[in-house]
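A, B, C and D are the chain letters, set down in written order, and residue numbers restart from 1 in every chain.
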């Protein structure tokens, strides 16, 4: 349901999204295989690092942090690959470092434009179940997510959808694998079994979580995330702060990454939120550390919870001496949410 | 600890605050005994009703809803009681209908001024554990609270502190009683036992809850409630709305009761908060129904949670067409909290 | 469902079975009213004590502990009451002190035999939901139970079924009452409300508990308790120990009370079970203290759980030097259960 | 504490014991490296399978199922390895398929006898935290366990202890690895961090679990498992059934694997236990399927719980027509436990 697929094969491992990445690579590729990917944040960077450690020949399209998967540069890179040596295109759908959501349909279009047969492997850890995701329609070959993001569960499951093409590539994939080998899952799951001890509580939890999403309806879930995100962006604007995400088309609806006011270390804002107001917001990771802070809005979350995060952030901004009008940010969000609110169907 | 007593005897019943009231009356009084009390809200009204049903001769000082225990009227009533027929003065410390906290020290002073020997029975259900309470210093004879307010537990325990004088009055108290008889508790508790099946989970819960309050320190707990309340009052002022509570000295730090904007049914505000924003705020009870709404701020609660309630209320006010500036109320609270914030000691 | 009634009115109070008793008395009777009851254990004794403290004129049919409600003695007492002064007959259905289940249908028959109009008030705390109970068919007027027995919940709710006749008696009932007054429940429940703060977690819990009983089917629930009880009785026989319950017709299916071996203090058995084997079985209460021990088998319980209790008891018996063959008791139960077992329907 | 090490480095991954195996191999070895191991059950078989899939050159000492790590055969194999090509000896400490506990001290002695420098990698999934384990004393290089066995937690953590020698081997280990790479843990753990999202609930759970084990004392924990196991073995003997484990020295104290009576399919016993008595015991895996059944006794477990399992098994044996005396098995266990019981220190 959350993957938007009727054709893909679901596979669940006890592990994290990082394990899902590894699984996507080792089951479809061999050491030495060429892959094409983007680096525009810490998570895409870590995936690149993993690809290299797994012995792949990685071509990285380097982007500024705050950009997404640029379809033109992708098309150009694919075009240069006249011998179709690139076996897979790997894209982080929603980059949690920068608040950037790339356009997977656009990526697929670029691949089709180049008539390129590579697999399309997508990290949907912080998007699937919260943002629109169309596995079948977008022609995704492997999509990876985890239990601890849009599913609002503890960490411990990584969940994949796999296309028939990706399954077929497994036979020739020479990467060593065992724990994250699809084969053992595929061999046992049809009989209702698993290859090694599963996490029963998380499987029950996932069932409950999917029931909640189903009851709300995925279209409504996606719309809710969009509403929460737009309120958060309006708050940032009212604080006079820019988003790290360069272009409106890439702005993430699952988290918003905001540039700290000039001259203020963003770590201090995060620290004050925690120390004074008992609120956890995200620091800037790696090369944007000190420059941005991150506010999440995915999973089981509504307007008043988000207002809580905005209010705490606003207080933290005041505590570090930012020149903002108290209430400006929360007020902008409130205005937007009140103007666009609907009655909750069950009320 | 939460009662502010070293001399009082604690008694715990499986029941609610209403049961604690009954216990306070039946263990100290006989049908026909005269009691003096105030009526200034639904809870003081219900206690008056109980007194009458228990066959007591109740003299009620009728007040406007929004007022507290007026010490002068109390003094006058006691003065008239030249034969000292009044056996007990019953006061609701914090009236949850109106957001009024009466001054129990002042009540005791009035009783002393009249050299009156009546017992002082206090309903502290929505105050004890959140607001300052000095059982010994204020000369309280019976104080009643419950598990579901400041202790942040489910409903199911009523907890009393009882003075030696109140205990001594038990022998002559002719009211029929059994379930809520102190005698059975007093007979069994010293040996670590109870007269009938206890609620073990709630007793463990209370221990945990008291540990949290102790770790924070009661003075800090009281200060936290004062901060949350002041922020809420500033929000109301920024919305241009009056409090039901007439006089600043009586304003409650555990909940705030706000008059609806002119021409707007307060039930509609509460309804919209629930229907559109998934927020539960309190309706006006009984004779202030439709006129006021209530925002709580007691128990395990901090600034960002309270901001959440204020933001939701503000959105509901906007949804019913109140003429307010989005962000004005939350902004006023945020400003106050940010200006007066301290680092949480454990951070 | 558990009461076996379609006509009775259900009433739920936050409190315990003891509160349910009080409620049954104060809502139907006036101080000075005559009531007829039996004393054959600690719980019937405590209810007698409550009746006396509530000012009722209590006629007690004194029985040996281990006997139940003797219908002939009841008939005789009712016959003597030529002026029909007895307002209520009060019977403990299942006496948890002695493991005796009285025959409520027989009690009603005796009342009908004497054409007596008294109300029939029944304590079903440790029977209803586990043993067969037919409120309508047996002509019960008030039946009382609690959340912590057959419903397998924490303590904190007392649940009543009330006949129209009992409801009608309320108007004339002069006992002072407030917390446990039916009136406030009857006035508010039809609108889905309650007169004072309810225990929400326990109400959800009760719903879940009733769902489980419903899924199993009450006839199956009753049969399960009978099976567990019979196994326990066979274990006692195999240990060479007598039951406290004198007559087979009165043997309880919700707990079994067993006489300690000659010369052995039963408290020691209970103590050794706890100290050495981490097992809680019941001491003998009041006048059978030291003489009997009690093994429960009601609520969410099956054969292997019960085997666990029997094994622990057997080890404790061995530890105190009882002359028994290891495995004899558990073996007798196992033999019976294995011979009579059925496949669980959902398996 | 549970590893018996002061020198080893602890590493925790979100994953299962299977992941721990992989981690032990990929961080110390390169494809093509020679390893020596035993196959005497399904879990040792699966580890062999993993070694082969990871590209290792695996020399397997094939044993009958029911045997443990034979030190003489190990010594012989090591002796033949004159060029010290064997890089690691891999041993499953407690084989959960067969109820066999191998002697790791003996394994180390055999390695020392051969003056062999290979690493000693040990699967302690179903032993560590329940059985005696001496990482330092036995010279173990990598020991692997999981959260869901002796720690009595849900599945989801694999926990390792790693010797300095094993850590040092990492640099040269050419196996591709990323998710289960020690390097990322070693780089982040000292600063209190982790390389990717951890399972916070399980980490808290492990702390609680270790607190319980510490309070009991590891020597007492080991003794408790030995007591439970001996009772279970006596039950099997009283049923006239043999253990799959050939030699007394190898009998596991964390689970017991019992041969089904002649002519009876062990799956039927397991099925009847589940269908009739709501008890889950283990089927025989792989080549002993149908021939044995398995009864666990590790983790948070005591005599009455174990009696419950034995009673249910006994009933299931009766249900499938085994010729046993009801109570014989449980009785033998009870006799042993009662004769050897001690007072629980906290009672």
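We take it that contacts are C-beta pairs under 8 Å (C-beta built on N, C-alpha and C of every residue); 3 or more make two chains touch, one makes a residue touch a chain.
Remember, predicted model here, so these are calculated numbers, not experimental data.
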Chain B and chain A - chains in contact with each: none
Shortest walk length in steps over touching chains, chain A through to chain C: 2
Label of the chain whose CA centroid is most distant from the centroid of chain A: C
Distance between chain centroids, defined by C-alpha means - chain A, chain D (Å): 38
Averaged-CA centre spacing for the pair chain D and chain B, given as whole angstrom: 58
Euclidean distance of C-alpha centroids - chain C vs chain D, Å: 47
Multi-partner residues of chain C (each touching 2 or more other chains): none
Those chain pairs that satisfy the touch definition: A-B, A-D, B-C, C-D
For the chain B and chain C complex, residues of the former touching the latter: 14-19, 21-22, 26, 31, 46, 49-50, 53-55, 146, 148, 154-156, 175-181, 195-202
Chain C - residues contacting chain D, complex: 274-279, 302-305, 307-312, 314-315, 318-319, 325-335, 337-339, 341-344, 347
